[in-house]
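Here is the structure we will look at, set down as structure tokens.
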Amino acid sequence: MTLTHLNQQGEASMVDVTEKDITDRAARAQSAVAMSADAFAQLQAGNNKKGDVLATARIAGIQAAKKTADLIPLCHPLALTKVKVDFALDDENHTVHIESYCRLAGRTGVEMEALTAASVAALTIYDMCKAVDPAMVIGPTKLQEKVGGKRGHWQAEASPTEEEKKQ
Amino acid sequence: MTLTHLNQQGEASMVDVTEKDITDRAARAQSAVAMSADAFAQLQAGNNKKGDVLATARIAGIQAAKKTADLIPLCHPLALTKVKVDFALDDENHTVHIESYCRLAGRTGVEMEALTAASVAALTIYDMCKAVDPAMVIGPTKLQEKVGGKRGHWQAEASPTEEEKKQ
Amino acid sequence: MTLTHLNQQGEASMVDVTEKDITDRAARAQSAVAMSADAFAQLQAGNNKKGDVLATARIAGIQAAKKTADLIPLCHPLALTKVKVDFALDDENHTVHIESYCRLAGRTGVEMEALTAASVAALTIYDMCKAVDPAMVIGPTKLQEKVGGKRGHWQAEASPTEEEKKQ
Amino acid sequence: MTLTHLNQQGEASMVDVTEKDITDRAARAQSAVAMSADAFAQLQAGNNKKGDVLATARIAGIQAAKKTADLIPLCHPLALTKVKVDFALDDENHTVHIESYCRLAGRTGVEMEALTAASVAALTIYDMCKAVDPAMVIGPTKLQEKVGGKRGHWQAEASPTEEEKKQ
Amino acid sequence: MTLTHLNQQGEASMVDVTEKDITDRAARAQSAVAMSADAFAQLQAGNNKKGDVLATARIAGIQAAKKTADLIPLCHPLALTKVKVDFALDDENHTVHIESYCRLAGRTGVEMEALTAASVAALTIYDMCKAVDPAMVIGPTKLQEKVGGKRGHWQAEASPTEEEKKQ
Amino acid sequence: MTLTHLNQQGEASMVDVTEKDITDRAARAQSAVAMSADAFAQLQAGNNKKGDVLATARIAGIQAAKKTADLIPLCHPLALTKVKVDFALDDENHTVHIESYCRLAGRTGVEMEALTAASVAALTIYDMCKAVDPAMVIGPTKLQEKVGGKRGHWQAEASPTEEEKKQ
């Protein structure tokens, strides 16, 4: 039997973290949903026909953080010890800002968990408001801050606010 | 026994689509991941250490479309009949553009499935490139087009390209 | 080769519904959580430390209905077209009453989906209030009504209220 | 940009257990399914048409314990080290009693895992016997005992038996 | 902006079955687990320490059939209408033979569902007997028969039995 | 009330590993898919119509390893720290050989995770090539090696190669 071993260059695998130390790790991520004045007014007034938008999006985001390893193929399964999803309303730009926070004592970081929580919270807001405005825009979705692990503390540079971008 | 029935205003429920017609429905959504020159060069050269980024993101996006009803609390479970995730590389802006397409003969639209596929493909690209650039930005994530159902054909207005935004 | 075919008497299988008609089916189920005066007061006042108890339980119940075939081994996967979970507060008995409703155009009934939604909503209420009162009691959980299918309409006999039971 | 930060009072989050000690934790929960004489006789004789009721319910309960964090929104994902589901038959009252037991070396208790195992075992019994008796009643479902963690040992007060309740 | 559209040759997608007819489809698959005399004797006597091997494997196989689209990336989600897993014991070769059967009224075949049921039933038998014999061998796993769809009826050629292979 | 406690002999439960030591554990498993010359040529040439067969199977195998406790009823949930799936092509026998490797610092071994990864990678290859050859054969699937735990190192005896089997 002659076996052609496939070139392993470029082949996906879940990297080995067995020998990494268990340290306290945390990550903070953000996303946003920009919508029409009508959709935003309805969300603020709490009379969306499908129900309480932010309460539903918060639960969806928390549950999604726990599904990260099932969604992102090379993510390690992690026993998250804290998940939080918060919202802030920007009246001027009809935008819901989303901030997620995950924490863990573990061998690998929780950036993907925080980003997944923020993304799924955003998708849920889209789902509940899409009857009023299908043209809503999700993003920018990004990591804000990360603590723990070999690299220690990492923080995103201040990104331009919606206001600044317009100038 | 005196029962206080809770006010049902604003309470979440999965809306009733039992009596909607089964029609051919499709949706197209987009997302993008903007990254540093280094991360982009590595992705293009196919020498990312975690493996083939786009092949992995494509599978992740397709599988995520099938998990939509599990992720988005008020989405109906749907038997998708087609899911596709494509990528285009924008060298100038170091950006991977993602386009997803879902189709179904069913009672409700597949916008959320297309948006979920695009979002999870974007998150997977982030996961595989984050060792090189943790500051990558995901988005804008939005619906491009939707066909079928009561409202028929809907198409997003042309959004400004990255080039246009810079001007 | 001599094969001993195992006796199929009593062996589990998912029954064949391929040839059943697709009809409009619905089911209504109930559960309840009886708790201490303290836990009930905190739930009513909305100052439970883990968050909004009933909003969280409602989402958990709706999502659980969609997981029924994954939880109950012999249940058929069903594309539910409606799920609703409602609550009523019984001040006198410090009890939260839960009512779930599921609907489907399909080949088999949705009783298990309604019962699963009510059960998981009850478990979620327990989870959020257990720091105050670990002795809460869940139940009775039962089917109230079922519509559609070969047997048509079925309705539970009026069950004694909490009041009646005490007499 | 003026952001309205939403009042965080009453908003759901998965509480932070990162700094809790890893201790040996266990929980015991119970549920029950009361059914008609016919359904009970069939279950006892082992000639239920859908298969072996208790073997199926036992597996369903064990698997459900492992899904607890996916079902109950604010539960932490836990790496259970033991799950057991047992049954006892009460001939007089045509009732199947269910007892579940979960154990873990971890940062948070396993009450919800034990309660979820008992609840899903009960739902599975309902599913398999419902063709004979759709009026079966599930419950009371409750925690019996809990060991480990800050509060140490907790035990439910003896609850009245079915016999006692009738008097 | 200059976009480099990636060559779509060879890229994975879930094929479009939207316009296929809904027909009655079924598939039958097989697998087997060959084990040591000791492990086989223990399985036959029903005194395996982890519990009833075949009852557990049967449930695992049925539940796995329902998870097929979640496991196999390009499989369409299907609403199976029948799943069955059966076993036959070959005393001479210390082998458990597994046969699975799935059925559906749908747009695409159920071969993968039948193969997944047989494979996971085999893995479960391995799991429960591995303390006695870690060298057990699973397979051959293959499709036996398939009915429905464009190609109609397909049947595997008679494969050599274990007996025949030895000659 | 007279309770008949069911005989616990032979009843399934997830065994208690709470008091086992956390040690470095690894396992290596194999499977294979034998196919027709045509299907094999298409796979090698990379022009399978459903996409890149091995890239898709590799991701499916990795994701399946993480689902092991959800698929195999009595498996403990494990936080895998490494998963890898590799392929080798045997031109002469038109066979794809699959090797999986899993690692963990934990209380119980990862044999089932490695076997599940190899099995689901094999099923995915079958799925993508079945249009060309529905008669493909999966197996033998077996454990090759296992490290860690009470029993230390275990290695399968050299199994006959395909070549040897033919003689």
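Order of writing sets the labels: A, B, C, D, E and F. Residues in every chain begin at 1.
Going forward, a contact is a pair of C-beta atoms (placed from the backbone, for glycine too) under 8 Å apart; a residue touches a chain by one contact, two chains touch by 3 or more.
Here's who's who by UniProt: A, B, C, D, E, F = Cyclic pyranopterin monophosphate synthase.
Source: prediction; values computed, not measured.
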> What chains touch chain D and also chain F?
Replying inline: A, E
>> Applying the touch definition from the top, give me the chains sitting in contact with each of chain C and chain F.
In response: A, B, D, E
>> Comparing the two chain pairs, does B-C have more C-beta contacts than C-D, or is it the other way round?
In response: C-D
> Which chain maximises the distance between its CA centroid and that of chain F?
Replying inline: C
>> Sharing more than half its contact pairs with D-F, counted by residue number, which one of C-D, E-F or B-E qualifies?
In response: B-E
>> On a CA-centroid basis, which chain has its centre farthest from chain D's?
In response: B
>> Centroid of chain D to centroid of chain E, CA atoms only: how many Å?
In response: 31
> Of all the residues in chain D, which ones touch at least 2 other chains?
Replying inline: 11-13, 15, 52, 55-56, 59-60, 63, 67, 70, 73-74, 77-79
> If you go through all the chains, which pairs of them touch?
Replying inline: A-B, A-C, A-D, A-F, B-C, B-E, B-F, C-D, C-E, D-E, D-F, E-F
> Where on chain D does chain F make contact in their complex?
Replying inline: 24, 54-55, 58-59, 62-63, 66-67, 77-93, 97, 103-105, 161-163
> Within the complex, which stretch of chain D touches chain C?
Replying inline: 9-13, 15, 31, 46-52, 55-56, 59-60, 63-64, 67, 70-75, 111-112, 115-116, 119-120, 122-124, 126-128, 130, 134-143, 146, 154, 156-157
> Quick one: in the complex, what on chain F touches chain D?
Replying inline: 1-6, 8, 11-18, 69-70, 73-74, 76-79, 106-107
>> Show me the residue ranges of chain C that touch chain A in the complex, using the header's touch definition.
In response: 52, 55-56, 59-60, 63
